[in-house]
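Can you read through this structure? Questions will come right after.
Chain nomenclature is as follows: A, B, C, D and E, assigned in order of appearance, with residue numbering initiated at 1 for each chain independently.
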Amino acid sequence: MIQLKNIKKIYKVKKGVTFEAIKSVSLNVEKGDIYGIIGFSGAGKSTLLRTINLLEKPDEGEVLIEGKNIMTLKKKELRHTRQSISMIFQHFNLIHNKTVYDNVSFPLEIAGIPGVKRKNIIEECLSIVQLEDKADQYPSSLSGGQKQRVAIARALATNPKILLCDEPTSALDPQTTESILAFLKKINQELNITMVIVTHEMDVVRKICNKVAVMEKGSILEEFTLSDQQYDPKSEIAKLILNKGKRMKLNA
Amino acid sequence: ATNAGEVKGNTLVIATNPSFNGFPEILEYIQPKLKEQGIDLKIQFVNDIIQPNELVNDKSVDANAFQHIPYMESYNKQHGTQLVAAIKVLAWPSGLYSNRYKNINDIPDGATISIPQDPSNNGRALDFLAQHGFIKLKEGVGLSATKKDIIENKRNFKIVELDQGMSAKSLDDVDLAFILGGYQTAVGLHLKDALLAEDSTSEFIGVITTRADNQNDEKIEKLKTVLHSPDVKKFIETTFEGDIIPVFE
Amino acid sequence: MLDNIIQQLPDIMEAAKETAIMVGISVASGIIFGIPLGTILFLTRKGQLLEQSYLFNLLNSFVNLVNAFPLLILIVAVIPFTRLLVGTSVGTVPAAVPLSIAIIPYFARLIEQSLVEVNKGVIEASISMGANIFQIVWKVMFVEARSGIVVSLSNIIILLISYSTIAGVVGAGGLGDFAVRNGYYRYQPDIMLATVFVMIVLVCVIQISGSRLARYLDKR
Amino acid sequence: MLDNIIQQLPDIMEAAKETAIMVGISVASGIIFGIPLGTILFLTRKGQLLEQSYLFNLLNSFVNLVNAFPLLILIVAVIPFTRLLVGTSVGTVPAAVPLSIAIIPYFARLIEQSLVEVNKGVIEASISMGANIFQIVWKVMFVEARSGIVVSLSNIIILLISYSTIAGVVGAGGLGDFAVRNGYYRYQPDIMLATVFVMIVLVCVIQISGSRLARYLDKR
Amino acid sequence: MIQLKNIKKIYKVKKGVTFEAIKSVSLNVEKGDIYGIIGFSGAGKSTLLRTINLLEKPDEGEVLIEGKNIMTLKKKELRHTRQSISMIFQHFNLIHNKTVYDNVSFPLEIAGIPGVKRKNIIEECLSIVQLEDKADQYPSSLSGGQKQRVAIARALATNPKILLCDEPTSALDPQTTESILAFLKKINQELNITMVIVTHEMDVVRKICNKVAVMEKGSILEEFTLSDQQYDPKSEIAKLILNKGKRMKLNA
């Protein structure tokens, strides 16, 4: 579904100084995967995620979506492809001068969904994130978690084939997280939506991911399937996931 | 432009409006001649028709050179000043010009006529039109007439008021334009091309203006001598090709 | 004194009407042409969505060129164009042509600057949704920048009210010209004060309603 | 034609110097008075840090009042003040007085608008640190708004270059007046073109460097 | 140290519609406490935290810091008090046009600390959050976690008596979170700094808080001491903390 081939991303920090945020990373996400990307702060997770829909144009490498190299697509085709890839941003990126309702409506308008249909979809999405009562408010009057939930609702609205999530539950309490994760799992299974989730919450990984990549300093350190009992984790963070996973099982 | 105010004993400061044809050229021409007389002529350019008089009145400058006598008189009346016409220099005979018609008798009813909007020439144009039977003005308004003083406009002329600098440029927009002497050259016309023109003995004589207390000043006397020389006369005649004419012998 | 003012009141009102016509037409052209121009300036800038240095440089130079012209010279310079457009170059409506030409690039600059202030993350989000440029501009940038645009709009209206004075040279009339001619040149200080007073009231109304509207529209 | 221009070149240069003086002084006053005025306007607005509706209304009315005046009338109206300040009312330096008075409120508006765009969270953070108003303004608001301020600054310089034309009525000279005199009244299109060309170059230099600097300063 | 008495905060949503974000909340934080505030997204946690340094002026009630009602302080005194209360914001609120270094320097400048001393403090703070190498960069070139760490460094710089943290580790990976929490614990013990931490990460509560308040819909549902083995939690979220706490002990 998603293939990244030898992606490299270099930022210019200042004159003469560059920073290699992604160093030749390859990744293969299959249809129906919920693929977790974890790693230290600053490892390059968000950057990598953003190359998948070409928000960040890699300096080297290829991005394939359903086998097509989207870096060679014409603008119009790229836009079309992007309409089937939703994204939840780390900093939410809501439109401040639109109400919650209109923020969720926005991707639907872009996708050309007629007005009559939109209303139902929006209300449904808002009810998933339990924000029906805030529909008429503007983002600035929302709490952090509420903003994040609007961002989630917005991403779900268009019923995407691929969902890219950058720390989608970072501002949410455990119960809300739980219910959102359950919903994501459900749409993953029922609608076969592929997801890539950047997160630092090990619980999130354990609860819904089937595969995980661990990033460090711009490279993928290791990549494993969560159900793989044999797997011998290399990184601390991977051990944390797998060990805890065992512990939890013991306690279940 | 220099800052006025620092007038020294042998310096003569004259304010003039650089936009009007005539005086600026003449003043620059006589600068070296006055120098020979021991007078340092400083020209203060002021692009306005109120400020030059204000400056003379409040003694910022010694004299000004931009206006005709009727304007000076009405200014005196309005502002309560006592400016005097010290030296008569030139005349700018104005006239009615047209790009559309060759003869003043061809001007149809309802024609558009442009006149200058500045108060020094607005009344002058209206008065001219009245004298030649285009319109009738209220009794006795004379040169201070405004559009509102038109009491009869039988031929339905449309009178538009423009900046004096615009009148020649808008000849393509109007049927007839009252153009002040000197501006017609901007579009390659001369006084002889006017369909109707003021005669050279009109009262609109460009003067050097000063304060009453100053008019017998030695420097003004010397200025007069220099200005009224045959040399300056020739300069005016050749420079302005008859569109601006000297009014002294 | 009051007599004089009352007597001239119809003329002042007429002048106000002329100002309204000139400013109205120019503001309309400012909106119709200045907003797109400013938007294109912004979009074709280095690092922006439609980066296009040729077009940007062309438009930028054009904007600078017009902004460099003293208004009086601009009025004269565009006379042939004015004549082409409205048949004549003298009068109130024709005067709106150079005023429009003067205000369009100036407004475009203000629009450009308002768009610069739009949060980049929001634009990125709409790109990620597959929005086209038109949608991004119309549904995101203008929405996010709307209060700044409203303030700029009231600024240019105010600017135009005093700018239009200069259009008096082509017989446009208007409040400024009325104040200058009757108040200054014909030395009727009372008339001048009365006329300027009308202008001040106009300006206050526009500024205050602009700023109210801007605050109302700003939900950030 | 070229001969004519070359012959007048010293005059054009002299006019450029006059423009530089007028614009220089006015921009300096704009910075010295306009920035504080705009800042106070912003701070005393409803809902802002120093909310003070009396002071705000007072300053706001003053700004509107000055912005409502046609420049010519403003120039004439402040003549007594000019004379008090610099001893005379005619000349280049005196002309900078009304120009300054005209530009200060206008610049203040632009400053006010730039400050509105500053992210509220950042201001809140500095309040939480116990910063005083001066520190918040100086170390946070101006820092965050600096690129907008730079653009506004180049905008007012450009505006002043063409504004200064009107200062010709008090004998200020300058490029605009020179162009008007020669090109408009005297009909020497070559001289006018040459002069306007100098103005265009000036404007381009200012706009481009302003916009470069603004982009360099913008780290958001 | 910190006492909130009957705090009430009402927002105007639109004409005629108000929203009671805080409904008569009282709270008592003692010197040296690390006081956790947890609860659903939108419960009013951030709002409550922001009343402590009066960023949000309560509509009713009193805020006492070290026994003094700071709502009656003169502006200057309030500023002075605020200088000893640091805050980490949910959305970081970094100054975008200042480098990382200058962002951390800013509260020191406000506190009037001379330039020579500042350098050492700033470098120390940046090393605590491991961002020495990003000192010259601007916030826009930082990852989400890096921004949060700058905010943490900035809050620590002035050596405050009270530290208010709004989800201070929400953008951080487990290891980084761990090291930051360890540091917070350390300064709490060594310098006796009082902390109030709003968080939705139960791990954070378990690891460093000694007291917890659970908020729901603008009220405090319950309040308890973590070491209190007898305590019978009422809310789901409190059970989550205490139960898990037990589990972890079992596994230790």
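Here, a contact is a pair of C-beta atoms (placed from the backbone, for glycine too) under 8 Å apart; a residue touches a chain by one contact, two chains touch by 3 or more.
A quick map from chain label to UniProt name: A, E = Phosphate ABC transporter ATP-binding protein; C, D = Metal ABC transporter permease.
None of these values were measured; they are calculated from a predicted model.
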Chains touching both chain A and chain C: none
Path length in the contact graph (chain C to chain E, fewest steps): 2
Superposition of chain A upon chain E: rotation angle, C-alpha, nearest 5 degrees: 180
Higher-contact pair (C-beta pairs counted), B-C versus B-D: B-D
Type of chain C:chain D copy interface by residue overlap (half), same or different: same
Between chain A and chain E, centroid-to-centroid distance (C-alpha), Å: 28
Distance between the centres, which are taken as Cα means, of chain D and chain B, whole angstrom: 36
Centroid spacing, where centroids are CA-atom means, of chain D and chain E in whole angstrom: 45
Between chain C and chain D, centroid-to-centroid distance (C-alpha), Å: 18
Touching two or more other chains - residue numbers and ranges from chain E: 91
Chain B, residues touching no fewer than two other chains: 50, 165
Junction residues of chain C - those touching two or more other chains: 76, 147, 184, 218, 220
Touch relationships between chains, expressed as pairs: A-C, A-E, B-C, B-D, C-D, D-E
Complex interface listing, chain B residues touching chain C: 49-50, 78-79, 114, 117-119, 160-163, 165-166, 169-170, 172-174
Residues of chain E defined as touching chain D within the complex: 53, 55, 76, 78-87, 89, 91, 93-98, 106-107, 109-111, 138-140, 158
Of all residues in chain D, those that touch chain C in their complex: 46, 60-61, 63-65, 67-73, 76, 109-110, 113, 116-117, 120, 147-148, 151-152, 155, 158-159, 161-162, 165-166, 176, 179-180, 183-184, 192, 196, 199-200, 202-204, 207-208, 215, 218, 220
In the complex, chain B residues that touch chain D: 1-5, 15, 18-21, 44-48, 50-51, 54-55, 60-61, 165, 183, 185-187
Chain E-touching residues of chain D, taken from the complex the two chains share: 119, 121-122, 124-132, 135, 139-140, 143-144, 146-147, 217-220
